[in-house]
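Several structures are given next for inspection.
What follows is chain A paired twice: with chain B in the first complex and chain C in the second.
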Partner chain A sequence: MTTPDETSADALVPLFSVRNVTKDFERKRRFGRKRGRRSRPALDAVSVDIYRGEAFGIVGESGSGKTTLGRLLIGFDTPTEGEVHFEGRVVAAMSRPERRSFRRRVQMVFQNPFASLNPFRTIRDTLSDGYARRRMSSAERSASMTELLARVGLNESMLERYPHEFSGGQRQRIVLARALTVEPSVLIADEPVSALDVSIQAQVLNLLNSLKNDLGLTVVMVTHDLRVVNFFCDRIAVLYMGHIVEVGSREAIMNDSWHPYTRMLISAAPNGDPETRSERPWVSSELGATEPPAEGCIFAPRCWLRQQLGNPERCTIEQPTARPILMEDGAAHLTACHFAEEVPQQAKAAVGA
Partner chain B sequence: MTKQQQRMPGSDPLRDGAVLDVRGLTVEFPARGRNVRAVDNVSFTVGRGEIIGLVGESASGKSTLGLALMRMIPAPGVVSAGTIAFGGRDLASLPEAEMRELRGKALSLIVQDALATMNPVTTIEEQITEVIRDHGGDRSRKSLRARATEMLREVRLPNAEQSLNRYPHQLSGGMQQRVAIAEGLILGPELIIADEPTTALDVTVQAQILALLRDICDTRGTSIIFVTHDLATVAEICDRVMVMYAGRIVESGTVSAVFSKPAHPYTKALLSGLLPLSGEPPAELEALPGQPPRPDAWPTGCRFHPRCPLWRALGEPEICTTTDPEVDESDSHWAACHFADLEGAGR
Partner chain C sequence: MNVVDTVNSMKPRFGRRTMSVPAGGVRAITLRAIIGHKRALLGAILTAVVVLMAIVSVFWTPFDPMAFDTGEPFTPPDFAHPMGTDVYGRDILSRIMAGSQVSLMVAAAAVAGALVMGTVIGLVAGYIGGVLDLAVTRVVDILLAVPGLVFALGIVALLGPSAQSVTIALSVVYTWQFARIVRSVVVSVRSRSYVEAARGLDASPLSIMVKDILPSVVPILIVQVTTALAWGILDEASLGFLGLGVQPPDPSWGSLLIEGRQYLYDAPWLPLGAGTMVVIAVLGVNLLGDGLREIVDPRAGRSTS
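The block that comes next holds the complex of A and B.
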């Protein structure tokens, strides 16, 4: 795990600092009138810090806001309220030169490598774009390209080919190579292996891991795949309906979470062991998507912990904010649940029952 | 004729209790003046109330195999050899008119993209009741509606009654998938072919749908062929599993046998690619080199050999490149590998 380097004061300053960010995709006016009432914001007062050199996972189900958070980090969208800071500067308020440098340093990789490459351009054309602003002789450029291709597991003979000549795994390698042409320090990857075959997923995950370690990249991985985050990430944020419900180390989130939703999410995934099929007393009773309540905790209507505690009033009145939990190893851990301290014991009771 | 085909049970095609008995099934697509075999000489049986997982990567032929059982291979593809014994008939040679009667009623198909199978301009009620009407069932609107409501409740669709009046796009993905499952179940088929039915769903919804499918098999004796690339869901609900690679079944056995003692190097690789959900992850993943082959370029001999770690470890024995591995499909656990690691497996 790459923890912030304690010797350098600089490392303790977060690379990305998301402060109280709300993103509202207001419904467009159609035929001159506003449609419906105000929708639930995609992100609601989200705060999170991401540090240099770490692999940070953003997980959640569909509609949780994980992709929106990734897009805000890279500046594809601007927050409705709140600010995203990159190295202390507000992303939305950067000057042109600042923005240009930001765009170079933060690169993005998408889920679908078939849609991410221009079918009419050769791989050489695609990679060349990244070199356009780097003052390099053509010999240097071609040497750099060769090295880059080798790094992502491709070879020079592929440069003159077109995207359709490659498989999904190879295309994702090309997309990674393209992102690396500008020597970024941060990679934001939205479901980078979800579209790939199982045997190819392992290849690309190994590649991402070696890029992170060899180049010291900070990687933000947005995914629904809990197995992938458990393999790749150092720290994880769990989103539910636009709220961050828990942030902590991989170990704490995946093994002993302090939020009832995280527990439910992880237990819902098949554990892959036919002998001990997953026990999930808290998932089976739940019915489909629920509208978020107007007040109180957004997870309350589906919350097994609340039920087990005899439906305390507090959950439906007061919206919990993320608060620190004192961990045995002293690691920072935030959870947004009024009764987080009850989670480990009650979870045991629920499974045992 | 390949070696795999030599071992054919001579006597009874419909073995005791089997709902489906497939022998030597081959599906071909004409391409560039020759025939490409997407599914090549596949044999297996499915028992009553059994969920059998059909696992493979893209281009392995798993979905094509599912479609072949429904006789829904898109033209110009054809089932060019083999028999599909189901309910005392051979589906492979059944006239299309009779096949039509069976589809939906005796065997049904549930696909991954539920929305794509629905008519966007008809309500959920019409989508579901059409299935019954098409098979000459009850025609009174009231009783059709009652049956549809009941079915939707059974698949635990929230607000079943109101949902009947909605259009497909007004439902969430999980709800659409449940409607598709309801359509697949409403005529009480004996066999369901479910092609990645939960892949597009969130894990909490997936958990419910898997539990529902398991429950239907246990209570009604329905059998399911569960086509998927995800071994974790196989471990969750299947009784037996067949692993497909390059148009062939390479390993078959009970889920507990295959997961605890995988015998084929490909199965081993797939299982090691199943990342742990908790606990310390491996520092590096064992990745297979290369990619799955395409149907127009199956390798010779054992089709897995170019990517096989065992083949390389054994010093690239020639037999793997020249000869198809022979298997005894009557074994409860078998693997199509010359050097299969079947110690302790159910011989």
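The block that comes next holds the complex of A and C.
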């Protein structure tokens, strides 16, 4: 099925294509007008492409809409506006057979392994759901389960046990095994390690990494943890209050980002050494302390760059759209800032000051 | 009632005998599990005694329960009449035994019907949600606002007094209690990520309802079944008292209690036997249900080590 040309062609056609997606959880009032102040949608006109075979990270702080984006990708929620395409088909408008095949191709790894396994069902029962639609003899099924468990670092004897008999790391391995029962090509992992101990996090991430390489999976990693994306992801999208502010390669995002928010986010991450204080003069206020302007840049009230540039008017009257930045290596890099070109230089100046 | 609270109340307890029975699910209900659980065992024994008595009475009773003058009227308990005789000289033990058939059958059949109907209604309404759920919830609220006995009374009046009418009436009344309880659990479980995971694996709604959601309902259903059985026995007696249940001279525990009531000061043994049987049956069923709930819930603190 795979021809030599197809690999390069595939790399150009996005697997997931998110087009102008808005998700608003505000319920329509049945009577009269909406109460209270206008709510902000969880996602606001988000567009992003995810390619086959990559590890794509979606990062952002709490409430940035990253989990919502993940759920839209897998079709657990439907966008209020805009479309999510998977291989050219709209996820929310799939026919029954299309949806069935989509379900087999795209699987989810949940955040909390204590909530995502049914406490009343043995591991065998839980795994068997994925085999329900596959024609297999029970011997084949058993063999397949054993192989799967071995793949995630568990053994066959655990099949008859219940979830409460396992540790968090083991449970997350079971969750991974369950996702793999349908032999998917895409995993959407929503904070897959944030509920685990740090030592276990590394194990599970390594496992995820080797699964990705062995099975050729595309992994979408939704997380707040910059260490996780730095370890795991090829490309990263940074979300802020429902907007994608920057998309680029891991190196570019982590080391030379072109958006003031990304710079701030990365500088805010604690480094291991209490003696070396990270230079971050630009963290001016907490999220939510200031209501963003109705028009203009959503980040403007907290933006250090805007302050350094002397509060240009453009930031509060014109909403920046994600635009490509020309990188030296020619990589595609998108950023949503009017003054992105100023970022590297100004950041240096800010640290130096 | 919040499910999480219920589940939390079943968290580990100490001092339970350890067992090699695998914990969890309906499959955990084995003879060994019941024998190993003190309260369940006691409840099972009491329930078994009552049921056994009802079965035996089909084939044999010390006297014909309908026959007059098996001894002097108002004979206190003695060797020939362990429970004494009533105003017509009928043997009370025989009547209690025969009456247990009606009492248990009516209660069991009513609860079984309510269990099936209520579970289906609650499961479907809770899982599908939306307008259906809203409609069911409102209907249940309205029906539950009417006192159960009054509601049952109306149905029996409509159908004519008989054991069957009482069964149907109680069944309808209890259905809404089951539906409400099942629905409340389903709604809270529906959005759990393991249900979402099953949906993500393309499991059918029926499979999700039966395999993923129903097991969470079972522990609470068992408690509800036992409570309802106890109420069934009592309600059957109440309807009997109002003349709407089994018609005299056929015995049931309810009618025996009521027959004995007017002679309570002169012949206290008249209602004593039937009253004791009601207590034993209700206690046994409740203890058994309590034990089963702990056995079914895999987190109820029984270790396999």
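Methods note: the second predicted complex is superposed on the first by the 326 of 353 C-alpha atoms of A that agree within 3 Å, B and C clash if a C-alpha of one lies under 4 Å from a C-alpha of the other, contacts with A are read in each partner's own complex, and residues count from 1 in each chain.
Note that in this section contacts are C-beta pairs under 8 Å (C-beta built on N, C-alpha and C of every residue); 3 or more make two chains touch, one makes a residue touch a chain.
Everything numeric here is computed off the predicted structure, so don't read it as measured data.
Once chain A of one complex is fitted onto chain A of the other, the partner contacts of A:Tyr162 are limited to chain C, with no touch recorded for chain B. In the superposition on chain A, A:Asp273 contacts chain B only, with no contact to chain C. In the superposition on chain A, A:Gly130 makes contact with chain C only, not with chain B.
Taking chain B and chain C in turn and counting the residues of chain A each one touches, the greater count comes from B. In the superposition on chain A, contact is made by A:Leu226 with chain B only, not with chain C. In the superposition on chain A, A:Thr181 makes contact with chain C only, not with chain B. When both complexes are overlaid on chain A, the residue A:Gln203 reaches chain B alone and has no touch with chain C. Looking at the shared chain after the overlay, A:Leu117 reaches chain C, while chain B stays out of its contact range. Of the two partner chains placed around the shared chain by superposition, chain C is the only one that A:Met108 touches, whereas chain B remains out of contact. Listed in rising order, the residues of chain A touching chain B in the complex are 61-62, 167-170, 197-203, 205-206, 209, 224, 226-228, 230-232, 254-255, 264-266, 268-275, 277-278, 280, 283-284, 286-289. Remark: chain A residues 74, 76, 99-100, 103-104, 107-108, 110-112, 115-122, 125-126, 129-130, 132-133, 160-162, 164-165, 175, 178-179, 181-182 touch chain C in the complex. The part of chain C that touches chain A in the complex is made up of residues 22-25, 192-194, 196-203, 207, 211-212, 215-216, 218, 298-299, 304. Taken in their complex, chain B has these residues touching chain A: 57-58, 156-158, 172-175, 202-208, 210-211, 229-233, 235-236, 238, 255-256, 259-260, 269-270, 272-279, 281-282, 284-288, 291-292, 307.
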